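Here come two complexes built around subunit A, the first alongside subunit B, the second alongside subunit C.
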Partner chain A sequence: MNKLYKNCLAGGLAGVMVAGMAIGAMAADIRVGITMRMISENGQKYGQMVMDEIDMINKSGGINGNMIKPTLMNDECKSDKGVANAIKLINQQKVHLLIGSTCSSVTLPIVDITAKASVPQIIPHSTNGKITKKGSAWVFRVPVSGRFYAGVNAKYVGENIGKKIAYLCAADAASQNDCEAMQKQMKAQHGSEPAYVAQVQEKEVDFRTHMQKIKSAGVDGILIAALAETMARALIQSYEAGIPASVRRIGSSSASNSPVPTIAGDAAKGVFFAAAYAAADNRPIARLFNEMVKKRYGVHAPDHDFSQAYDLVRIVEIALNNANLKLDSGSLAADRTAIRDSIASIKNYEGLASGPISFCAAATPQCRDGNRTAVLIAYSKGGKDYKTEVLARVTMPADFGL
Partner chain B sequence: MTAVNSIIHSISSFVDKLNAVHRMLPWVLAFVLLLPLPQILAAVFNDYYIYLANKICIFILLSVGLNIVKGFCGQVTVGHVGLYAIGAVSSALVSIHFGWSFWLAFPIGILLSGIAGLIVGLPSVRLEGAYLALATLGLGESVRIMIAVTPLFGSSTGLLSIPEPTIGSFVFDNYTKYYYMVMTFAMIGIYLSFSILRSATGRAFMAVREDTVAAAVHGINVAKYKLLAFVISALYAGAAGGLFAHMPPGYIHHNNFTIIEMVTLLLMVVLGGIGHIWGGILGAIIVTIIYDQTLEFYFIQPLLFGMTMILIVIFMPRGIGGVIDRYFMTKKFMKIREENSDGTS
Partner chain C sequence: MDFVINFDFSSLFAFILFGLTIGVVYGIVALGISLIYSGLDIVHFAHGEVYMFGAFFGLVFSKTLGFPYPVALVMAMICAAMLGMFIERVFYRRLTKGGGGYTVAGMGMIICGFAMSIVLMNVAFLIWGAGAEPFHVDLGMPYQFGDITLPKSYALTALMAILLMGSLHYFLKKTKIGLAIRAVAANKDIAYLMGINVPLMISLIFGLACGLAAAAGVLIGPMQSVQVEMGYLMLLKAFAAAVVGGFGSLPGAIIGGLIVGIAENLGAAYISPNHKDIYAFLILILVLMFKPSGLFGVVARVKA
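The block that comes next holds the complex of A and B.
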């Protein structure tokens, strides 16, 4: 009886240990760090979308049986906060992959951190061309780079609107980049010098002086490169200053954000911009996505920051599924390399984005700026129930603007 | 509580004994004790805490510097972050554009901050209280806006690839190496702050703080000492800025120098206790750690941060320095009482 008892106990213990090991092996987490600008209503929704989509992957069984463990941190669009988040996520959370950031000024220094620590980094929203020009082998960009947007805008403006363009450039990194690149492209493609250029604060509220000067300059179009709320204010004031609707208003990439048509109302009508996603897209995947975002986040029509957050998670899912991850205590460096190589092998991913997203192994902008297709969108109606229409879809060569 | 008291008493008397041998000895000992901190942090926690230690050292420099003008001399300034920005940007620019070594760029940054400090201090000769606060706030914010709109200063993209300091072939290219530099500068900054406080200049500062008219009557050149306090404080801010700019990954952006950073800095000084050097140091450590530990709770972080600060201000209106003062004062009174009661019995 005593022997039987001992055997049972030993068997039981062995069973528990094996089960424990099996559970331990099965429960290995893929740690993903996310640093984004979570200080605006929309910023929080983009971050939440990434978290929700990761949660959906986990609920449907995870990645080859392993769960993704995301840690979302707010960088407030400040570089020192972003750097601190990246260091914390890499050294403390020991993440396998870093997602971030929303702002180019935060992403730029993080690229150096991830390159040094050999951690793959995938960018959801930052468009500044310098990010991939740094030559890091660990960075991948899902959104369309600013260098492509400028080319598309300049081509359309020069051929359809005119060459006498005024520029209002806000002080944030993305807007400055959009503004400079557009001027450069207008000169390169059409030999056109700016009719008027003004630098304004990131959260400028008074554009009346600039608008009066632009009105007297008799321009064909005005490029307003600013973050959404600032752009909306500038659009309203352009009409208050008496600039007619025949002078076309051109938006920078953030014109796709819902506060622009919502705040600007009728002043948003006719504004066009290059973006990575059109809510007016008729593909079934886009229709379903629009409905899902409306239901989940109460947004009338999702902008390209929603679609890019969604596409990014899908790309991460594909890469993690394809990577041969060991996920044990000694495999962190190898797993990080495997994830990087797996992302680099993604070719022609067709999601919500304006064009297929492809990466390759070389640490060059040609390989790491995944999406080269921009879609030109115009607001056909402003206000809360705004409507958009697609004007054109243009794919640029990989080395354009370098 | 008795155990804590006895530990504090032992440390206090040990420091006194070291001081009696040589006044530099406690500082040398503190420096030696802080040397293995990165290794301890890496072993107990992880490398991230070494980065945090670097940041704390920079904030200590800033906080100690702000205490000189605000705590010692009683001048209200909310433009300190502008001086910090000047130190950071000028040191970075000299390094990037002229290719000069950190050891040349860094003093230039400090010097330019000192000159800016003199300019910021000029209104203090005629203005006081809220008016001075407004004037310095305007100057601080002007610096940030100037950086934001000037391409040479990095404008929207920021200044990239600021070179790390080097000594021969030794490069301060990671946070462990960089810690030794920022910690050394922080120690020097604290030591100099104590030296100023104990000097005739420090006493003049305090006289100006307590009553400008009375100080002037006693022959103190009030305008000179007010300006001097601003300049010394600016030199600290410039040093902190230079160290921040050259810290890996060598990137600064105008968003690093906003009014929020200024308020955080003021909180460090107020929490630590205005006019208390050790309080300011503890304030810098506590605020940085609280801020860091609440980062993941981004949605309630401002609330948590604000509530913590409000509670501290309610229950410790004179800051940590006030609590330390009260502790030693109580001890002193108890000792006198014990001596008196021994004498009468």
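The block that comes next holds the complex of A and C.
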């Protein structure tokens, strides 16, 4: 009896192990690491959107029967934290794919880490042109690069506003890049030199001295390149300094973020900027997306960081479906390469972005800055119930601004 | 960015005006720091966060509860004063009993201040979130002086600051409680012997200082919006103002605030706009090098 019991137990255990291995061979996790700036309410919602969309993929059967296992980390828009997150996700979590980051200053150093570790990295929000100029074969950008934004802005400004432009540039990497690219484009397209340039701290609160000097300079427009809350303060103080509404306020792409019109209130009216998505977009997909974001996250009108987070997950879904992943204990490097190649093969993805997104194999900005369509947007109303209008939509050549 | 000397003297008056309006705010916060220092010989490093809490209190009273701006300011001061007294009574009292200044307890108090700063910031984060909140106050059309536009909120800030300073001066110099506070500031042991309730006076000092910080927060709100992280830089600037004016000197704190405010605005206007925050700390270093006791301070010494 005892022997029979032992034999049964051994047989049972062996059966469970075989069954487990078989299930393991059939379905495994695709590990995705995410590092984003989640120190603001919207930042948390962008991260939540990525997680929710991945969850929905899993609930509808996953990727060829395999579940996506996301790990979301907050880098607080700090380079050191972003780098630590990336190292942890790559070396400890052994992720197949890294998503991140929100801030260019964080994404820039992570590009070197993913390149060295041979891990595909796909970027949700960072716009700094230098990210794809590093020549990494592992990086892909879903948002529009700053070089395209600068081209669109400069064309519109030179043709419709004037050539005497003041520049207020915050010290973060994206804003610095936006400012430099815009100055370069104004010079290239219109032969215009800056009327006033000043660098301000990332979280500067007092712009009055700058505004007084800008007022004295008698400019046609002011480019404010800064993160959303800083930009909102600068906009308010530009009016407090007595700079008239006829001097147009131009925002960097972060003007798309809801804190700008919400905090700036009436000072946001007339501010225009180039972004990847306009909530005023009339396409049915955009209407549905606006409704979904409003219902799910309580956001009055989604900005392009929401649409980019959504598009990114869809692109990842397509790439993972096409990647023919092995997902066994020895296939991590091969699976990472397969995901990279699969993302690189995506052509003409049509989603929320205002134009198609395409990648290719070469490790160049032409191949890795997949979204080349910028939409020029203006706030027609500030405050919590802000409204936007689309001024123009332009698709730029792949090698523009290089 | 390069340093560019740009002598735009046509706007000189405007730059001085901007310096004065922000300088009085630095001065009010510095006044609180100096008040606590004069009472306990310690620097309260959580004072920036009390200033931030005050701004949020003002926002809640003004925006959420619909009180008029001046009422919201007074209510925020009262709430912040109560918060300060609560913090002092519950967290700092054990340490202050052991002595301040250069004692081990004094050092513990400074470290406790740092910890309190982090705690308050996280509490504020939990309550109000990390985003900046607009603090719109409609005071009507701005004043116009030639080419210079001065919003009424700036003028109100200066006016309120003068009122607060005047009231504090009167309170400290002309009332019995003020006299008791000054006695505690001069020498706690002798104050005890004179029958003064020293712990209560220390609580009052904290309450007053925190109320002043709240007033500064509510005054700055319409200019710069309100945010959890707003206290850190303000503390550093106010600290610079207190050192320049002379630690422990109440008029010195205000004068120091004005000097710092004007210096950073003129520096930004005429030396380099890219390094605005440097000027406050440059003055701080120069004062510490050449007049460590500050412009109005007494020679540093350990109190009996």
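We adopt the following convention: the second predicted complex is superposed on the first by the 379 of 402 C-alpha atoms of A that agree within 3 Å, B and C clash if a C-alpha of one lies under 4 Å from a C-alpha of the other, contacts with A are read in each partner's own complex, and residues count from 1 in each chain.
Quick note on the criterion: a residue touches a chain if its C-beta (ideal position, glycine included) is under 8 Å from a C-beta of that chain, and two chains touch if they have at least 3 such contacts.
The model shown is predicted, which means the values in this text are computed figures rather than measured ones.
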{"item": "Fit or clash - subunit C, subunit B, common subunit A", "value": "fit"}
{"item": "First, second, both or neither for A:S358, with subunit B first and subunit C second", "value": "neither"}
{"item": "Which of subunit B and subunit C A:N160 touches, first, second, both or neither", "value": "neither"}
{"item": "Which superposed partner A:E229 touches (first subunit B, second subunit C, both, neither)", "value": "second"}
{"item": "Subunit B versus subunit C as contact partner of A:S380, first or second or both or neither", "value": "neither"}
{"item": "Touched partner set for A:I263, first subunit B, second subunit C, both or neither", "value": "second"}
{"item": "Which of subunit B and subunit C A:Q201 touches, first, second, both or neither", "value": "both"}
{"item": "Which superposed partner A:N177 touches (first subunit B, second subunit C, both, neither)", "value": "first"}
{"item": "Subunit C, subunit A and subunit B - angle at the middle CA centre, rounded to the nearest 10 degrees", "value": "50"}
{"item": "Touching partner for A:T71 - first (subunit B), second (subunit C), both, neither", "value": "first"}
{"item": "Minimum distance between Cα atoms of subunit B and subunit C in the superposition (Å)", "value": "5"}
{"item": "Overlap of the subunit B and subunit C footprints on subunit A, listed as residue numbers", "value": "199, 201"}
{"item": "Touch list for subunit C against partner subunit A, complex", "value": "1, 6, 8, 10-11, 14-15, 18, 22, 129-134, 136, 142, 144, 147-149, 151, 154, 223-225, 227, 229-230, 233, 265, 268-269, 273-274, 276-277"}
{"item": "Residues of subunit A that touch subunit B when the two form their complex", "value": "38, 44, 71-74, 77-81, 83-85, 87-88, 90-92, 104-105, 108-109, 112-113, 116, 128, 130, 171-177, 199, 201-202"}
{"item": "Contact set on subunit B toward subunit A in their complex", "value": "45-48, 51-52, 55, 145, 148-149, 155-158, 160, 175, 248-256, 258, 292, 295-296, 298-299, 301"}
{"item": "Residues of subunit A touching subunit C in the complex", "value": "39-42, 197-201, 203-206, 208-210, 212-213, 215-216, 229, 232-233, 236-237, 240-242, 259, 262-265"}
